[in-house]
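Two complexes come next, and they have one chain in common, subunit A, joined by subunit B in the first and subunit C in the second.
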Partner chain A sequence: MNGPALKPAARIFELALGQMLWGRRALFMAVVAGAPVVLALILRLTFASGSAVFIVNGNRVDTESIFTTAVSVLYLRFIVPALGVYYGTSLIADEIEDKTITYLFVRPISRGAIVLGKYLAYLVCANAVVLPSAAIVFAIAVPVAGMGRLLEMLLQELGRAALGLAAYGALFTLAGVSFKRPLVGGLIFVFGWEQMALVLPGYLRRLTVAYYLQTPETGVFVLLAVVVAAIGASIWTIEHREYVLQQ
Partner chain B sequence: MSKRTRLFLLASAAVLAAVVVAGVIARVVVAAVASNTPEELAYVTAATRMVAYADMQQLMSSPLHDRWRDLQKTGAPMGDDLEARTGIRFDRDIDHVVIASPGNTQGASNPSLVIARGRFDQARIDAAMRQQGAQASTYRGKQLLSIKDATHDATVAFAEPGLLLFGPQAGVRDALDAKAGAGAIIASNREFMALVDEVDDGTAWSVARFDSLSGRTPLPSSVVSQLPPIDWIAASGHVDSGVRGLVRAEAHDEQAAQNLHDVVQGFLALARLQGARDPAYKALLDSVVLTAQGKSVSMSFEVTPAMLDTLRAQGSARRAR
Partner chain C sequence: MIVTTEHLSKWYGHVSGLNDVSVTVGEGVTGLLGPNGAGKSTFMKIVTGQLRPSTGTLRVFGEPIWGHPEQYQRLGFCPEQDAFYEQMTALAWIAAMARLHGMDQDTADAAARRALATVDMLDVAERKIGSYSKGMRQRVKLAQAIVHDPQLLVLDEPLNGMDPIMRRRTIRLIRDWGREGRSVIVSSHILHEIESMTSTVLLIHNGRVVAEGDIHQIRGLIDAHPHQVSIRAQDPQAVARHLLGGDEVTSVRFEEGVVVVETAKPDAFYTRLTRLAASGEAGPIEEIASPDDTLQAVFSYLVKS
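The block that comes next holds the complex of A and B.
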């Protein structure tokens, strides 16, 4: 990818960003990002009224635990991978399925610019929805007095979410340009393989993205390498593969 | 890019920025309003393994202390060694105290340095020390009164008006060096200070390197050696008519923290099983909140006056039998 190729990528980025934010898939994103906010609001109001005490594994849950649980379980284990699969696999696969990829390929732009532009649009779109959602959950769940103390943790969790979106998105973009029906495989990978490998003893967990999201010290470099490698491989694949559109 | 897309991105960035700014403001305000970190830490050297702090006035005037005094009328008073040597009474003369311990070396326990702020009768203390054979010397412009022989090593120095150092001579000298900037102080240790910030709103608190506690914990050494690797341990207590306590351990890594969390949770489950029939223990165990977050494992608990009454009644009943 050279300098002149970045301009077409920017054009594709603008186009794809609008489609992602205001297209039919945006509803899924709104529901997925809005649910934790509603849940946090309900729990906060319940705590404030003192009408219920939540005990998990014998331990009383406080409002701060709501945020840590929401981030580690809801966002990093569900929302981030789900958005990565849902959007990543569709970046190119949808164009193939809708038979509109031809319109992009006949334009005087490199195929790699299409992948890059669409991936960046996904990255901006997903981050623009997920990160404010997590920040709002933080603002709802954590009392003002505790906000300063937990600020570092918020920034770390936002960083982890952004890194997760980038890694899952890149992996499933590669799946999207390589396979015909990538969504099912992606869902099996995220909600089957990753969940299983994380609890298995040994080194199998190292073959998951979730493992590296849990170990930020070394995980950052591994995940950045995954992003670069997956996007590089996606560009190479789309440049060299022949897509046969079914009539 | 369409106008609504641009607006959406701006709104998204604004929400994110607003929450982060709110967090920053909360951090600054809380730090400014509620910074309880004692300035006496400037006398504590970087080599110190454990630091403890107690607000003596708040402790001594608390209803809990009154109860304790009733129960322990026959026990030895707190700070008896200091009082015997210097005539200083913990409850009357001292506002707050910082105790810095160098930990155990080669199996031997090193004496701690006591840094006390309060109202001291310097002439009386001077006379009491000299009566026991104390020798006067000067170090960094401060007078040291030292009793040093085969069995004793105690030095008193008035570092500032109302600030007294008491401990082994080398410890007092190191403290004066640290204050003068001739040695590294513990406050330059970011890990330590982060933990102090977490606990310094308590009436009494302590932050220690976990290995410095070997032989000092109520747990058998065989149990301690089986625990996941822990770097630091911090504890604080808010004392009033009851006690609200927090114990926080900083594990070596996230996995160790999770393991420690599981171990403590197991102990709690066992304790709940055993204490289920006892209302006081049950209430105490119900108040326990155990959380693991990153490398930290925290356990908070509350001992209410009602629980203390029940425990006291049970103790009396056992003694009567």
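The block that comes next holds the complex of A and C.
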């Protein structure tokens, strides 16, 4: 995509950002990102009052462990894929289902700019919700004294979450421009296939995003390649595909 | 010529949407007339580059349009579907559409206000689209089509759901656009509507253009068939009482909040209905619609002959 094509993408970005923030999916995003914060608060209050001690395999669970577990399980295995599926599949598919895509297709901008602008709006929106949520959970769960020591870990986890949002979002944007009802397939992929493949022996786990998020050393490059390839394929698909809207 | 097609066909799988259509459209208003499912929307979607022809060629301003988005700088489209970004205000939405034509924010705002003023919607421009009546939504759709002052306007059933007064205003607006030298392609399944905008028509049936040219040639045929008009009003009984007095009304019946009138003189009837709506004597008239039975009968006759 050349320079002049980025300007229309920026205009679509503005339009899409407003729709995402005030659209029907905003509530879902707020609930999904807000839940771990509430959970962390409850745990924190429980620890502070001394009314409960968490013992796992004979070991007392500290707040540091709670944070790392929250990030790796709640965020990377649930929230990030859920937002990726929910938003990624809807970026174009919702406009097609609502038949509002017509208004964008009859403007002097390439269809690829529509995909790019909407994807960037999703990235900004999702990161603006998920990363502060994770940071707040960190602030709640980790004692002030340990924060400095664990700050590097926090930044790494935030980086993983951002990478996950980018990769899942790109994959499901491609699904959204390619299939009529991509949401169900997307949910099966992240909560069926990915969960299953990760526990299977052999190379099947390499066909998941979650695997590369767990192995950040090499995973970063693979996931960035996935993002570029999926968005490129989405642009190609929307430029060449006919969308027949039912009357 | 603004639009030229040669042996244009469109297939949806095994179903034919458009079949061997060769037409030219120049400046002024051209009516695309045909029953529902005749192929009008398919033709318009191909002309506006949303669909690709299966066979044949299409030229808009002498160039292909599929995959040539720069063409939309000179083309405005008002789709049939009642689809909107419901949470946005009309002003914000139309300004956002204008921005996609390369305008900066101030220019886009000014263009949006101009377009909304043209369709008499400026006073409610800052209300959310979701709160609009069907007729207001139709006008907002028209506004987004003209916001960039296009040379070619393609309007798919633009009068659907409008009240009689707004219908009359919109018809005048479309006529004016044609007189200004724009090319306007407007579809309808109601002959009376098309006739009040233009005398140049393309008659389309089962995906084929069955006739093109002057509308008066089929006028006699249409008059031979009774014409039905469905009127949604707050007080359908009052509307019926007022209309029954005229000799142009053949019969009246009621169906779930609407009064359905049959007339053999549609011109006289519509004139009277518009007067009645303007006077308010029978209360507010919310929507008028015409089933396409009449047109279907005329087309069946044309195809057989």
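Here, the second predicted complex is superposed on the first by the 245 of 247 C-alpha atoms of A that agree within 3 Å, B and C clash if a C-alpha of one lies under 4 Å from a C-alpha of the other, contacts with A are read in each partner's own complex, and residues count from 1 in each chain.
Definition applied: a contact is a pair of C-beta atoms (placed from the backbone, for glycine too) under 8 Å apart; a residue touches a chain by one contact, two chains touch by 3 or more.
As the structure is a computational prediction, the values presented were derived from the model and not from experiment.
Peer 1: After the match on subunit A, would you call subunit B and subunit C a fit or a clash?
Peer 2: With subunit A as the common anchor, subunit B and subunit C both fit in the superposed model.
Peer 1: When the two structures are overlaid on chain A, which partner does A:22 contact: first (subunit B), second (subunit C), both, or neither?
Peer 2: In the superposition, A:22 contacts both subunit B and subunit C.
Peer 1: Considering only touches as defined above, state whether A:14 meets subunit B (first), subunit C (second), both or neither.
Peer 2: Touch status of A:14: both partners.
Peer 1: When the two structures are overlaid on chain A, which partner does A:154 contact: first (subunit B), second (subunit C), both, or neither?
Peer 2: In the superposition, A:154 contacts subunit B only.
Peer 1: Quick check on the superposed pair: does A:108 touch subunit B, subunit C, both, or neither? Answer first, second, both or neither.
Peer 2: In the superposed model, A:108 contacts subunit C only, not subunit B.
Peer 1: May I ask for the angle at the C-alpha centre of subunit A between those of subunit B and subunit C, rounded to a multiple of 10 degrees?
Peer 2: In the superposed model, the angle at subunit A is 170 degrees.
Peer 1: For A:215, using the defined touch cut-off, is the partner it touches subunit B, subunit C, both, or neither? Pick first, second, both or neither.
Peer 2: After superposing on A, A:215 lies in contact with subunit B but is clear of subunit C.
Peer 1: For A:242, is the partner it touches subunit B (first), subunit C (second), both, or none of the two (neither)?
Peer 2: In the superposition, A:242 touches subunit C alone.
Peer 1: Identify the partner contact of A:129: answer first if only subunit B is touched, second if only subunit C is, both if each is, neither if none is.
Peer 2: In the superposition, A:129 contacts subunit B only.
Peer 1: Is A:233 touching the first partner subunit B, the second partner subunit C, both, or neither of them?
Peer 2: The answer is neither, since A:233 touches no partner chain.
Peer 1: After the two structures are laid over each other on chain A, how near do the C-alpha atoms of subunit B and subunit C get, in Å?
Peer 2: Superposed on chain A, the two chains' closest C-alpha atoms are separated by 10 Å.
Peer 1: Could you tell me which stretches of subunit A are touched by subunit B in one complex and by subunit C in the other?
Peer 2: Residues common to the subunit A contacts of subunit C and of subunit B are 14, 18, 22, listed in rising order.
Peer 1: Which stretch or stretches of subunit B touch subunit A in the complex?
Peer 2: Spelled out, the residues of subunit B in touch with subunit A are 1-2, 4-5, 8-9, 12-13, 15-16, 19-20, 22-31, 198, 254, 265, 268-269, 272, 286-291, 293-294.
Peer 1: Mind listing the subunit C positions that touch subunit A in their complex?
Peer 2: Its residues touching subunit A are 12, 41, 48-52, 67, 69-73, 75-77, 79-81, 83-85, 87-88, 96-97, 99-102, 144.
Peer 1: Spell out the residues on subunit A that touch subunit C in their complex, using ranges where they run on.
Peer 2: Where subunit A meets subunit C, its residues are 7-8, 11-12, 14-15, 18-19, 22-23, 98-100, 102-111, 239, 242-245, 247.
Peer 1: Along subunit A, where are the residues that touch subunit B in the complex?
Peer 2: 14, 17-18, 21-22, 57-60, 62, 64-65, 68, 124, 128-129, 131-132, 135-136, 138-139, 144-151, 153-155, 158, 214-215
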